[in-house]
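The following pair of complexes shares a single chain, chain A, combined with chain B in the former and chain C in the latter.
Here is the complex of A and B:
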């Protein structure tokens, strides 16, 4: 499978009569976009705002962030099973509006939503403070059931991301990145002197706002399976907004999975990267046992020497991470783990809810309980009062002058377990 | 102007006597006593020991809380900028006293404290999270090594300088996680570590796996028919509207609520505060997490004598183990005081 990512650089946003990119500026036809989104009868009110890096703007409660992409050549369409047909993706050419993002906000669905500050100290922790954000403010009709509310917001984000890119499909790319994975028949014989490795990609699947979708299938209802890294780049994996804001894997970071990118860089030099296994993080013990055993069985069938494992969320999924780790190690594979930590506001408690001696190689994306003060912003998109109830906030997080004091947990992507930030932690 | 330092030592190092004088009551003297001389020299011109607090090890160990308050009040009068404790080497009661004093001073006065101990001193395990404890040899023969390291650490803290890793500074690991921005993305660090592990090259994990407490289960209840049973949950069930504002994650408190008169919890009167699971079904019928309905039926059937009229609840989502321990102990005390014989704990 070979995929070319045609990257069109976006360094600024502006309103325009026609949605298009010119000289690094993404012009957005607001009326057209609002009208398209308003077709969803579950949404009572739709508005769109623009937020750019460095501005005194705060967005909350944020549900998801999505990068605008569309297929320009090859089978299938972007976000298959969600806004495109369920044809297999991952081959051909895909247009990417690099530097732009769609951010969904509006009335809160559940506690697991977060904050993006476009400037100030919070911006240092948030990957989406550096993107040019087309912000969707979505309010549901009265008494909309919560699962439907979440689905409406998710769909609005994906539709917008596809729409923006589609409008720019004829643009000349500023850069083309090429990714290729070989068939097993070829990859098993490639680089005979290098260890064969894969990436075990854990997807959050604990329920409302803890869901991930693969080709439109709810990950909790699927056994672990194989996926090509290039399928992921075409939106085969979509976030249904999951767990706390800091360590939910937003659709944006699935599309740009930095573990996959880094494994490609080492491919052919330090190891032979043969593919990805996706697995879920269901809540029952039977599911955890089944999924971890099945994942490691797939890894064994592939004859792997090593498995890099990333988690999504914390607490309950720590048990999945640890089962995956020791089962792989005991099956003869070397593992390295990527997680984050909940060590308490003082950093003095255990960081994980489960543990095994085999987990001797672990990278962390930081302690999500660390408290940060976010000074007031001139403009707030969304509902600032929700700072008092979102995960990582508490009654009184929002001060009368607009200052917000919260745990990093409340900042979108701050301790991303796909390793999308430079944050980490050490022990004193 | 140099920083004002108070030094705490035991009766032995103060030259008062050994075990026979271990009940020596707390006192404080102006200036240096015993090992304070070497410490004062190591501090140089930048800091000065203005007083030395002395207490017998047995006196301190007999009532740690009382002794800590007594010594703290003596120290407070000298208006210190920092306090040095020991070093206690491998002396257990002395180490525990230094630890308890360091904990009290850090909490009450909020000023830097430094101690020195042998890693196996019980004071280390009890108090290492509260302060920097410089690693020392097991006996006073190591005084020459311990004192300069303690002085160096103290001056760093007094001057607000950045402190390094345990291996760089010579202190015993405190077990506190500190965030920092690295040069590389976490993903790149992870793949780098993966490559090292695959190649059999040395690597340093960023988070050594934790070791957990194991709680021995109690013996079964022998007389269930006469037992009072309580229900306690970490699933966040609370009266509708979450009146005490228990946090959706990283809870700082637990709630205590009456279920007097309730045979069934409904969405009209209860909900969950929990932010870590799909709460739709718990909000729809809170009995799914806090089974008041079934417990009432069993109470009527006489399976047990009485359902306790209060329930306790918190949110076990991203909540620090230290907080959970604290809530658990406090709830257990209340349940015991109310004569509860058994507890059903529900999680989510």
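Here is the complex of A and C:
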């Protein structure tokens, strides 16, 4: 499968009469966008705001972040099973508005998730402080059932991302990135001297606000399966989760998965990247056993030498991570794990809720319990009083002047377990 | 699956929907201690005790689903269940002084925590056939 990403650079946002990109500025026709989103009868009120890097703006509570993309050539449509038909994607050409993002915000339950600060110390921890954000403020009709509310917010974000890109589909790209995955028949013999390595991509799947969708299918109801990395770039995997915000893979991160990008970079040089297996992180222990055994069975059928495993979330999924690890190792595959840590505010507690001796190669995205003070911002998009009941916050988190003291857990994407973070450590 | 299945919880929301329930009128810690004692008595965990991505000081409710028999042999402790519940207790112990108790949050917020707690257990409850949407 071969996919070309036609990237149109966006360095600024502005309101305009017509939604289009001109000289790096994405103009947004607010009236047209609000009108389209208001067609959803589950939403009583829709508003759109713009937030750009460096501004004194805070956004909360954030539900999802999505990169605007659309298919310009090839089978299927963007976000299949959500805003497009369920046809398989991952081939042809896809337009990307690089540097732009759609941010959804709204109150689904009374405790809240997800802060984005566009400047200040919080911005250093949040990848979306660097994107030009089209922010959707979504208020539901009275007494809307919570699953319907979540679905309405999710679809509004995806529809907006598709709409923005679709309006710019004739733009000349600033850059074209090409990704190709060979068939198994070819890839198994492509680099006989290099180890065969795949990516085991764990998807959050515990329930409402903790779910992920694959081609519109609830990941908790699916057995592990194979997916081409280019399908992921076309939105085959969509986030339905935001609790806790720091280590949930937003749709934006799935589309730009740094692990996949990095594995492509090393492909043919350090190892032979032969594909991805997706699996879930259910609450039921029997599901954990079934999914981990089934994933490693698929890996064994592929004759892998190594497996890179990324987790989404903490606690419950630590058990899945560890089962995947030791089952792979005992089947003869080397593993590397990607996770984050909940080591307490002093960093002294045990980082993960599970472990195994085989898990001897592990990359961490940081301690989510680290406390940070976020100074007041001139403008808040969303619901500022919710900081007191935000996961990662506590009663008293929000001071009268607007200062918020929280754990990193509350900052969306701050300890992303796919490595989509702004801060890192390097060996010197 | 062998034997009877029971939900141990301090979340009153389940009382009207779950057919087999051991209600603990106490804290989330009390639930985990009860589950640990049951595991030592031969019961087997069917759900992960650290479900949901909220810390002990962020969610006042805790629930666990157990099989009352372990391979029809009460004399044997299920080691994996014991490992999971001890790890869960260890996580809770590390922040026991900040544990969020029932009755502290505004009622509407606490109700949403109770709702989310049930949402996250629902799939397992349905799998073991002890949940009724219509009520019991």
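Heads up, the rule we're going with is that the second predicted complex is superposed on the first by the 415 of 428 C-alpha atoms of A that agree within 3 Å, B and C clash if a C-alpha of one lies under 4 Å from a C-alpha of the other, contacts with A are read in each partner's own complex, and residues count from 1 in each chain.
Keep in mind that, in the parts below, a contact is a pair of C-beta atoms (placed from the backbone, for glycine too) under 8 Å apart; a residue touches a chain by one contact, two chains touch by 3 or more.
Here the structure is a predicted model, which is why all the values come from computation and not from measurement.
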Could you check whether chain B and chain C clash or fit when both are placed on chain A? clash
Residues of chain A touched, compared between chain B and chain C (which is higher): B
Answer with first, second, both or neither: which of chain B and chain C does A:112 touch in the superposed model? first
Is A:266 contacted by the first partner chain B, the second partner chain C, both or neither? first
Is A:338 contacted by the first partner chain B, the second partner chain C, both or neither? first
Have a look at where A:361 lands relative to chain B and chain C in the superposition and call it first, second, both or neither. first
Touching A:420 in the superposition: chain B (first), chain C (second), both, neither? first
Report for A:347: first if it touches chain B alone, second if chain C alone, otherwise both or neither. first
Between chain B and chain C, whom does A:142 touch in the aligned arrangement: first, second, both, or neither? neither
Set intersection of chain A contacts, chain C complex versus chain B complex: 110-111, 146, 206-210, 243-244, 283, 314-316, 342, 344, 349-350, 369, 389, 391-392, 394, 409
In the complex of these two chains, what residues of chain A are touching chain B? 110-112, 124, 146-147, 195, 197, 206-210, 243-244, 257-259, 261-263, 265-266, 270-271, 283, 305-306, 308, 310, 314-316, 334-339, 341-352, 355-357, 359-370, 388-395, 407-409, 416-428
Applying the document's contact rule, which stretches of chain A touch chain C when the two form their complex? 109-111, 146, 204, 206-210, 220, 243-244, 247-248, 282-286, 288, 313-316, 318-319, 342, 344, 349-350, 353-354, 369, 389, 391-392, 394, 409
Over in the complex, which chain B residues touch chain A? Could you list them? 129, 163, 165-166, 173-191, 193-195, 197-199, 203, 205-212, 245, 247-250, 252, 275-280, 316-323
In the complex of these two chains, what residues of chain C are touching chain A? 45-48, 50-55, 57-58, 80, 83-84, 87-88, 90-91, 94-95, 98, 105-106, 108-109, 111-113, 115-116, 119-124, 127
